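Two complexes are shown next, each including subunit A; its partner changes from subunit B in the first to subunit C in the second.
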Partner chain A sequence: MNPFATLARLVDEAPRRALLLLAAFVAVLLVAPVVLDRYLLSVFFLIFWFATVGQAWNIMMGFCGQLSLGHALYVGLGGYVGALFWVKFGISPAIAIVPAMLVAVAFGAVIGWLGFRFGIEGVYFALLTIAFAEVARIGFDNWSFVGGAAGFFIPVSSAASPVNLRGGPMLFYYVALAMMIIAFILCAALRRSRLGHAWLAVREDAEAARALGIDVFRAKMAAVVISAAMTAVAGVVYAFYQNNLFPSQTFDIARSIEMILAPIIGGLGTLFGPILGAFILTPLGQTLIALVEKIAGRAIPGVNLVFYGAALMVIIWFTPNGVWPWLKKKLGIPEGRE
Partner chain B sequence: MDPPNGMLWSLYANVLVQGVLTGLVYGLMALGLSVIFGVVRVVNFAHGEFAVVGMYAAFVLFRSFGIDPFVSMLPIAAVFFVIGYGLQRTLINPFVSRPEHEQFILLVGLAIIMVNGTLMIFGPDARSANLSYSFDSWEIGAIIVDKVRVYAATAALAVAALLFAFFRFTATGVAIRACADNLVGAAVVGLDVKKLYALTFGLGLACVGAAGALMVTLTDATPMIAPAFTLLAFTIVIIGGMGSMTGAIVGGLLIGIAEAMASVLIAPSMKTMASFGLLVLVLALRPQGLLGRRA
Partner chain C sequence: MKTTTAITRRTAIAGAAATLVAPAVVKAQGQTLKIGSLLPRSGFFAQAGQSMHRGVLAAPEMLKALGYNVEFVHIDTESNADVARTQAERAINDGCHILTGAFDSGQTLAIAQVTEQRQVPFVVNVAAAPQITEQGYKFLVRNFQTGGQLVTNGLRLIKDVMDAKSIQFEKAVFLHANDTFGTAQRNAMDAIWPRVGLPIQLVEKIAYDPRAQDLSVEVAKIRSINPDLVMCVTRASDAIKMVRDMVRQRFQPKAIISPGSPGFYDEEFYQALGPLADFVLFGLPWANPKSNMTQAFEKAFVKANPNNRFAVDSFNAGFAFEGMLIAADAFKRAGTTNGPQLMEAVRATNIPEHVMIGGPIIFDAKGQNPNIGSALVQNLKRVPTVVLPKDVALAEPVLPFPAWQGRS
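Right, the complex of A and B next:
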């Protein structure tokens, strides 16, 4: 499939008004750093980052119906591979994203094979993904080559070098923005592809999909592998943004859950859901942290997560399909159109 | 038998005893999850969080009022029963017929609020109950047994036995089992399914509340241990067989022994690895669990 032809077709199919709105939105984001300070740049980085990983996770759960609760595994693997290549061998992260993706794909393939071959489904499959993230956490905790529990650090250099992901918040703002846009286009193209239709069929009714001649196992494997690779790229960027990796944080189940909030709140299985969810949740969470710090005079850890938890419960109670389908109706976009 | 070998065997025996005793407390915790899943068909993803709240409740009652956790486990279990009954009636019942992932998201939301609420109130530091008899032990030949572990295991076994008796010998217990076996049939003969579900959820939480109180005598309380407990209970229930009560206890014993053995024979950090290894093995070879029935 020719990516440019697909892109042209996507543009062609979209309603004009929506396209104009989208272009204006991207244009605003492109010039926004002129007025944003360091703090706001970092907030936007987080929004773009969560939108990207949310998009990746959405391929598995939203498109293919496979619940993963261990996506922190792929973030961590990507981050460690990228950081190791740079620190130990001086290889640029621009190149290291390839091995990072490969390692994540290998792990994703093992989890997928174990799960789908043996018919482990639903919550059982979710538990399997958590188990692998936990095993990775313990493994990295005890692996001295990567610093063990004491963490692995990427030295901060004063010389900016965008190809090597060395630079200030402005650089990471644009890198994450690019990531979010590419992830969106990729997902839009995948959803319209033959594979995308196979995923939706598997999600709705795996037996019926099999009867139609869809290779259910392969469709599920493709979802895991593509999702893992995308998440690993985001993992590399995050590691270079943070400049440090601690197994207890990187592979934490709390991280896995934080990653799935945006697509759930925005709208499972939709293209705009993960982006919308990230734009709603991250700023609210960050504002809450700042607000509580101002009122209490000190940071109280966990405040933003209590809010996220409440948001999850409210959303799933009232609009289990997320905010985007509701907003779509308000904007007058017809059913069946994104 | 030469001395080094003898020492090795006494080490194994010690570890085995310790694993069995801890495993019984694990089993009680998992029993709550298994009962709820077996009847209501909802996976309580906030299970470990409830265990941690139980731990903190016992901790506070001990520190502020000097009430021993082995006594306070009873009122804690009672309060947890009421909470569980209320939760099922209000929050969870509307989700019983909703898709699995929606139930899951609701309970994950609850779990996040509980664990971070505990974090906000008590802070991240580990809290230890420091019972006066924490370090007392009995020596039986070469085997040294912590008294507190024996008490905890006995209490766990007693609570589990009570629950078994309830399901076996009382009319309500039999009615709940009827709901689990054949929901439509149970509704047809006029059982109040909603009420029985609420009772079951209450009983499940009472188990985990009691287990939490017992756990505080064995290990420190910290909010961050909650997801690990959820995983632990979940792993035990899958190994034993989802919805099987005996399976939960057997799974708890197996995990308790595996963890104790791995932490002594390999490395303490390998504790969790051992239980996950067991989990992957069971999922691959016998997905319905050791004592579970194929759905």
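Right, the complex of A and C next:
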């Protein structure tokens, strides 16, 4: 698959109006830091980051129909490998992304092999993914080489170095933006590829797909390892953003759930869903915090979370298939074209 | 005797210094320091965050009485590092000159990224990861012990209580939660126990899941070993389960001592266990009951939080207040809200009279306060009471434990 040819084909096939809107959207995001303050830059970093990991998770669940509730595993593995290479050997995260992806792919392959080889499906496969994330958490909690439960730390540095992911929120804004755009293009290309069609067939009816000659095991394995590799890249960036890794937070199931909210709210199995979901959820959380403070005159713990939960229910009530399918209809974009 | 009125070099320097400092002090008196208090008041750490927040609520009156001009912004980090980081950015955008927080090491480090880049001082009130002050942050100080210091001091206090009561423990078991804090304390225990030289045989270390329905299996295992000392690192709910299962299984050690963990002094522990909550011991940094400032702070605390007991909250509330005190004191000396200058003043802190046990609040080159002491605290009549060191103790330690049965 020639990536440039694929990209050209994607551009050719996309509706002209949608392309223009997309280009304008990206252009706005590129120049936005001129007017954004540091707080908003950090909010946008989270939006882009959740859009990226949401996109990665969407490959497994949205495209291939395999529910993973332990994607924090790949974030953690990517983060730890990237941080270890930098702290212990001085190897730049730009290079460490490769071993980070490989480690995540290896774990993904083991989970996939165990699940798909032995016919573990649906919620049982989801339990398997949770189990691996939990085992990783306990393992890292007790692995003194990476600091154990007391955490692993990346030394802070005042010198900016984009290649080494050292810098302020502006740097991370652009890194995360690039990551989100690349993830989007990759997912668009994958979805239109032969493999993408195989995933959709497997998602709809694995038996029928097998009858059509699709190697279901291979298709599912490809979804898991690609998703794991993409998530690991996001994990490396996140580790260097926070400069510390604690197993209890990195591999936490709550983290996994947080990661899958954006594609679910945005629209499962769609390309814009994870991005739209992240653009709704992260600012919603931040806005509610500020709003509650504004109305009450002080922070009332938990109130914004109650409203957050209520807002999610309202969104799901009115757009049960996600916001993007509803929006797509409103925008007049034909079915099957994003 | 000849008296001279000539201006010496020393007088001239002092005069010049006073001339330079005076406008700043006057300026500070006219200004208000805006302190952002970031605490996990919802989510996983909510209980501790709320407890610390009660200390923050009592701070304005105390600080006003001490002549400090401060304003507070209360921020909930939702026990989430991402929220902690974005809210730290927002707090500084909204004009906070200094931040304090954040109970948990992960959230504390997330905030530290922001304060370091924005050159805003950050006073860490509770967070035990040693690396917080080993990372080279220039705008961060910590007024709390590291995890290693907590365990070292906790074990030292066990030795002290053995000496004070002339009691011997022959066999000990270490029981700990397998969460982040419990595992970190276990690792610290592994490293420190051999060095402390306690004349006790540490027979077994047992990890447990703090979310387990009960601890009957773990207690049965301890019972089979029959140690006379149980050392434990717990949270509130599992501390309750542990004591309940010991009572159920009629296991009666000479003592239960925590070498540095929460659990035994949480209100729910007293509410759930009643008289069974009594006599357990824990070694922790604690409010100095004999300090004038602690006594004044207790009054302010009760006024601000009429439904809460200061004795129960004194660990969290005390450190929360001291974070505010450090900020206010530095502002008064710096005479400015300018970040780097305020930070210089924070680093030069020297507060002899304060709330928590220990020497003056000062910071070493890394920003760590080396003077924080620990106390051995025992629950007596459902009140956590300092029993060691003797100079700050309010009661004698009760050892060995009275039997579970027959308590009222």
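Just so it is clear, the second predicted complex is superposed on the first by the 309 of 338 C-alpha atoms of A that agree within 3 Å, B and C clash if a C-alpha of one lies under 4 Å from a C-alpha of the other, contacts with A are read in each partner's own complex, and residues count from 1 in each chain.
Rule of thumb we're sticking to: a contact is a pair of C-beta atoms (placed from the backbone, for glycine too) under 8 Å apart; a residue touches a chain by one contact, two chains touch by 3 or more.
What you are looking at is a predicted structure, and each value in this text was computed from that prediction instead of being measured.
Using the contact criterion defined above for the overlaid structures, shared-chain residue A:Ile289 touches subunit C, although it does not reach subunit B. In the superposed model, A:Asn243 makes contact with subunit C only, not with subunit B. Legend: residue contacts after superposition of the two complexes on their common chain; A:Pro301 is shown touching both subunit B and subunit C. Of the two partner chains placed around the shared chain by superposition, subunit B is the only one that A:Tyr124 touches, whereas subunit C remains out of contact.
In the superposed model, A:Leu10 lies in contact with neither subunit B nor subunit C. Judged by the touch definition given at the top, the superposed model places A:Ala18 against neither subunit B nor subunit C. Looking at the shared chain after the overlay, A:Met313 reaches subunit B, while subunit C stays out of its contact range. In the superposition on chain A, A:Tyr39 contacts subunit C only, with no contact to subunit B. Contact with subunit C, but none with subunit B, is seen for A:Gly148 once the two complexes are overlaid on the shared chain. Overlap of the subunit B and subunit C interfaces on subunit A: residues 138, 141-142, 301-302, 305. Within the complex, the subunit B residues that touch subunit A are 43, 94, 98, 100-102, 104-106, 108-113, 115-117, 119-120, 124, 223, 227, 231, 234-235, 238, 267, 269-270, 272-273, 276, 279-280, 283-284, 287. Against subunit B, in their complex, subunit A makes its touches with residues 61, 67, 114, 118-120, 122-124, 126-128, 130-131, 134-135, 138, 141-142, 253-254, 257, 264, 300-303, 305-306, 308-313, 316-317, 320. The part of subunit A that touches subunit C in the complex is made up of residues 37-39, 42-43, 46, 138, 141-142, 144, 147-151, 153, 155-156, 168-169, 241-244, 246-249, 285-286, 289-290, 298-299, 301-302, 305. For subunit C in complex with subunit A, the touching residues are 41-42, 46, 49-50, 74-76, 78, 81-83, 85-87, 89-90, 92-93, 105-106, 109-110, 112-114, 116-118, 129-131, 134-137, 147, 178-184, 187.
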